[in-house]
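Next, two complexes with chain A in common: one pairs it with chain B, the other with chain C.
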Partner chain A sequence: MTFGTIVTRLAGRKLTAACLLIILAITLSGALAPILAPNDPNLVDLEKKLAGPGAGYPLGTDHLGRCILSRLMYGARISLGTAFLVMFLTIAISTVVGTLSGYRGGTLDGLIMRICDILLAFPSLVLALAVIGMLGPGLLNMMIAMVSVQWAWYARMIRGMVLSLRESGFVLSARVSGVSGPVIVARHILPNILSQVIVLSTLDIGWVILNISGMSFLGLGIQPPTPEWGAMLNDGRQFLRSNPSLMAYPGLMILTVVAAFNLIGDALRDALDPRET
Partner chain B sequence: MVRYVFMRLAGLVPVLLGISLVTFILVRLVPCDPAEVYLRLSQIPPTPEMVASVRADLGLDRPLYAQYLDWLWKAAHLDFGVSFATKQPVLAEITRCFPATLQLTLASMALVLLVSLPAGILAALYKDSIFDQFSRLLAFLGASVPNFWLGFLLIYLFSLKLDLLPVLGRGTPAHLALPAATLALSYAATYTRLLRTSMLDCMSADFVLYARARGLRERLVLGRHVLKNALLPVTTAFGMSIGHMLAGSVIVENVFAWPGVGRLCVYSIFNRDYPVIQCYALIMAVIFVTCNLVVDMAYRFLDPRIRLGGGRQ
Partner chain C sequence: MKSKPLLKVDNLQVRIAVPGGVVRVLNGVSFQIRAGKVLGLLGESGCGKTVTCLSLAGLFNGPGITVSGNVELNGRSMMDLPAEKMRSVRGRELAMIMQNPMSAFNPLVTVGRHFTETIRSHSPATGREAWQTAMEYLRRAGLPDSGRVMEQYPFQLSGGMLQRVMVAIAMSMRPSVLLADEPTTSLDATLRAQILGQIAHLLRDFKTGALIVSHDLGVIARLADKVAVMYCGYIVEMASVAELFDRPLHPYTRALLSSRAGIKKKRLTPVGGQPPSLLNLGDSCPFFERCAEVERACLNYRMEPEILPGGRMVRCAGYGASKGKVLRGLA
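So, the complex of A and B:
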């Protein structure tokens, strides 16, 4: 199934189209935050702390007098940007490893798959915590942790796809014609699996966003004062009684984005598998 | 069956060795010298002599394979070293906190069963009813809501507004209610949908049609033929999520200041208490793998189709 067919199928559903629009709007608001945001997200103004919605501050201010809306918009940039980057790195690494493992086979394949088995024997959150624990909290280390947790799963899936394609007619004819291994992989195998892998990875974006915000909430991921939704929630926890909106807005943003990605993921699964209704 | 159990247990050995290797290598990822961290946490200035002495004490000056074998030998005897922060044996620290995590996980599991069993059955029996739609919405929300946010919403509603339950800490069953509910929601939602789908699949199966054709009462058909079969995949998925729940409690424990191993782990990460983090990862992975193995074997025992099929091979 081509990428175009999948997108056409998706756009035909009203709910999925709405989700796509929501994600597009939030992504754009993040990307264009320097232009659209009403204020500097890190500008501290203690005289205006914990102010309600009003002129200049559409959603009010936090405990340091920073504009909540601006922080949410910049937060979209960081939360979504990090999630996409983590997904991209995961797919890049697992495509290389999975293809190598599936196409070369033999001892290398056995070795890579045993490494995957062992990594998959850890609950993903535990392994991520352990990697962050050793490297130390921070954005880069959190990304390394997330990628190191996820790549094994994708590598195994890609290996399976490559294995089934390796014995297919068109690959065998290319091999018989004397085409070299790397060219077969680049010209015949990768184009056949990548669209499916990319589509499947969207299923996991919601999970990645939840984990990134969870880690930042624990103080292990993105560090203050960088505006990130999970870190904003953590900032707001001490004002739960007096100012619950500090926690409500970032939580709603995470919920909306993750829900939209999950709905698109469900629709994608249906689009990829026409037998399911 | 005995042969199968033995083979599976034997298969566990390389996985456990792999897990031990990964957890051992993890500490080698540390960007600074663990001996220096140890000294700083002990409030001792890290002079080169002191660092060298601690490195010798911790065995860090020996070849890597010797360090691994030594660590593995000690780990097999449940000696995971000493916490950098408290100077107590790591295992004592973990076992001190583990009952709290286990209590939270068991309470959540009970809650998941209490909610998802009746809800899944009703959603399947009254397919497309309002109840079914509601369970679908709940499942969808359960998969999307960040549980740290849900925890605070519950605290806000039940503790701060209605003043029904305590906010933080551990002690009475009332303290357990909110953390357990927070941890349980997403699983309860998932299993409700899983049981519904599984029941619907069974309800349209030939053996159910045959049972109905024999004139069995509907209650008997549902109880003996549909539910019994529909519960099989749910049991497997439920068993496999025990490990995930134990590990996933880390965020909930931090929201509710629940004194479990997850909170200990986060605390240790901030303190750079590497032996505790290492032991936490190792124990969680071993529990996870063991749970999956037990579920796998239980599934074989519960489902005669697999048991008999395996027996003939």
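So, the complex of A and C:
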């Protein structure tokens, strides 16, 4: 299966294509925020606070008179950027740990899996809160907390895939030919788990975005005045009755992005499934 | 003059501890393979043929598994070689052809890379040199269009072609001994003959010793010089091909040979009964309950090998002290 057929399969469905476009648009607007944004996201103008949509402020202003659209665009940078970074670190760590555990086996495997069991025994949000509680709030600490909680899930899944591949005919025949362990892992095992890992991480990136926003909403993640969707939700909370749009916009963004990522993940799983031709 | 044996297996025992006892997979397997000679290992499913191969390659290990006895390759004991040494022996001195060519190749890696990976694991050859070697061996294994094959993925080739590739990979390091674990089971009859011919040819050219495992009497008759018949982890009879097919001594060998399909036969005559469970197998003859020639001596027989005049080996009470069957068998 070539990259081209995967893209064709993905884009062939209208819903998936729409999701891809949404993600692309939001990513671009975040990346190009300094050019596209109508205002400085942190420019406070108390004279124009809580203004409705109008000239200069397409979506209106918040309680400090800051441009909501600009803040949403800059927020996309933080939300998406952080989510991708967290996901990447998680995958990197758990691939190393999971492969080591699955391929080596024995005591090391037992030890790593018991650590995973302990981490998996707690609800991940509670555990992440505990880690942030120890380290203190902040963007970096929040990322550390999320990675340190989430790697266990992936390490376990990757270990399972490695275990089943380790017993496959081609790994046995590579071992019989005297190929060394690291080469077998790099050439025969990792490429075979790659597609599954990609799907898993796409499915989960929505979850990561939700968690980042959740933490920021609780005031544990990104600190004001940095624009971030979860933090914006929190800011708008006091004006829920008078100006519901303050919460509606960031909420809508989170909903859209998370839903889009989940739908793409599903579609990607179907597209990469070799049984479906 | 007899050459020195390349591979010497002495009293190889494999035990697997499972809940509820010990499975005795191999019980004192001993044989020797000399340069250019082929030993055929014959037996029904589950008698320990594949385990023999894997434990010779040092790959039959895991929790609860104990392998004992002695394996000597090129005069060096392999039983307590460190893992890295063992790895360098596999593929270079001791190569193996797997049972199912369709699953023995990684679908994401081209044939060429499978090939060069093996070569470069054992020699400092550059990629280009390894590629050249690979092309040459593919041609020798009967794949003339080797340049195209090298760039193809395993699923683009047929089972027969893949088996040829596997033979080529195994032979490319010029191993002293080749282990072929049912090299032709997954191929159809016409291909079988071709591939066997190719293997025989390569073995002769390189003076490679080989252990050919099969439950196919035809394969053994065609390739082997000597045959060992295995039953429940015991080698119950070992003799040259001509002798064994002419005058099988062990009742199991006789039953096995009479179960062959023949042109004049209307129906096949299977060996009656089922082999016993290997779990907590006793010391007595495991063929006792299926044997058509049971006698009183069988009750006290403990599977000691009987060496007969002419060097044939058989594990059967009938050839022990009384020698009753010897006379009948050799008459």
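Before moving on, here are some points about what is shown:
In this text, the second predicted complex is superposed on the first by the 259 of 277 C-alpha atoms of A that agree within 3 Å, B and C clash if a C-alpha of one lies under 4 Å from a C-alpha of the other, contacts with A are read in each partner's own complex, and residues count from 1 in each chain.
Going forward, a residue touches a chain if its C-beta (ideal position, glycine included) is under 8 Å from a C-beta of that chain, and two chains touch if they have at least 3 such contacts.
Bear in mind that the values here come from a model prediction, so they are computed numbers and not experimental data.
Bringing the complexes onto one copy of chain A puts chain B beside chain C with no clash.
In the superposition on chain A, A:172 makes contact with chain C only, not with chain B. Between the C-alpha centres of chain B and chain C, as viewed from that of chain A, the superposed structures give an angle of 90°, to the nearest 10.
When the two structures are aligned on the shared chain, A:191 is found in touch with chain C, with no touch to chain B.
For chain A, the partner touching the most residues, choosing from chain B and chain C, is B.
Of the two partner chains, neither chain B nor chain C is touched by A:182. By the touch criterion defined above, A:131 reaches chain B but does not reach chain C. Of the two partner chains placed by superposition, only chain B is touched by A:119; chain C is not.
By the document's definition of touching, of the two partners only chain B reaches A:259; chain C does not.
Shortest separation of chain B and chain C in the overlay equals 13 Å (C-alpha atoms, whole Å).
Those residues of chain C whose C-beta lies close enough to touch chain A in the complex are 57, 59, 87-92, 95-96, 98, 100, 102-106, 108-109, 113, 117-118, 121-122, 166, 169-170. On the side of chain B, the complex with chain A involves touching residues 14-15, 18-19, 21-23, 26-27, 29-31, 140-141, 143-149, 152-153, 155-156, 160, 243-244, 246-248, 250-251, 254, 265-266, 268-270, 272, 274, 277-278, 280-281, 284-285, 288-289.
Remark: chain A residues 114, 117-119, 121-123, 125-127, 129-137, 206, 210, 213-214, 217-220, 230, 233, 237, 240-241, 244, 247, 250-251, 254-255, 258-259, 262-263 touch chain B in the complex. Interface residues of chain A facing chain C in the complex, by the touch rule stated above, are 168-170, 172-180, 183, 187-188, 191-192.
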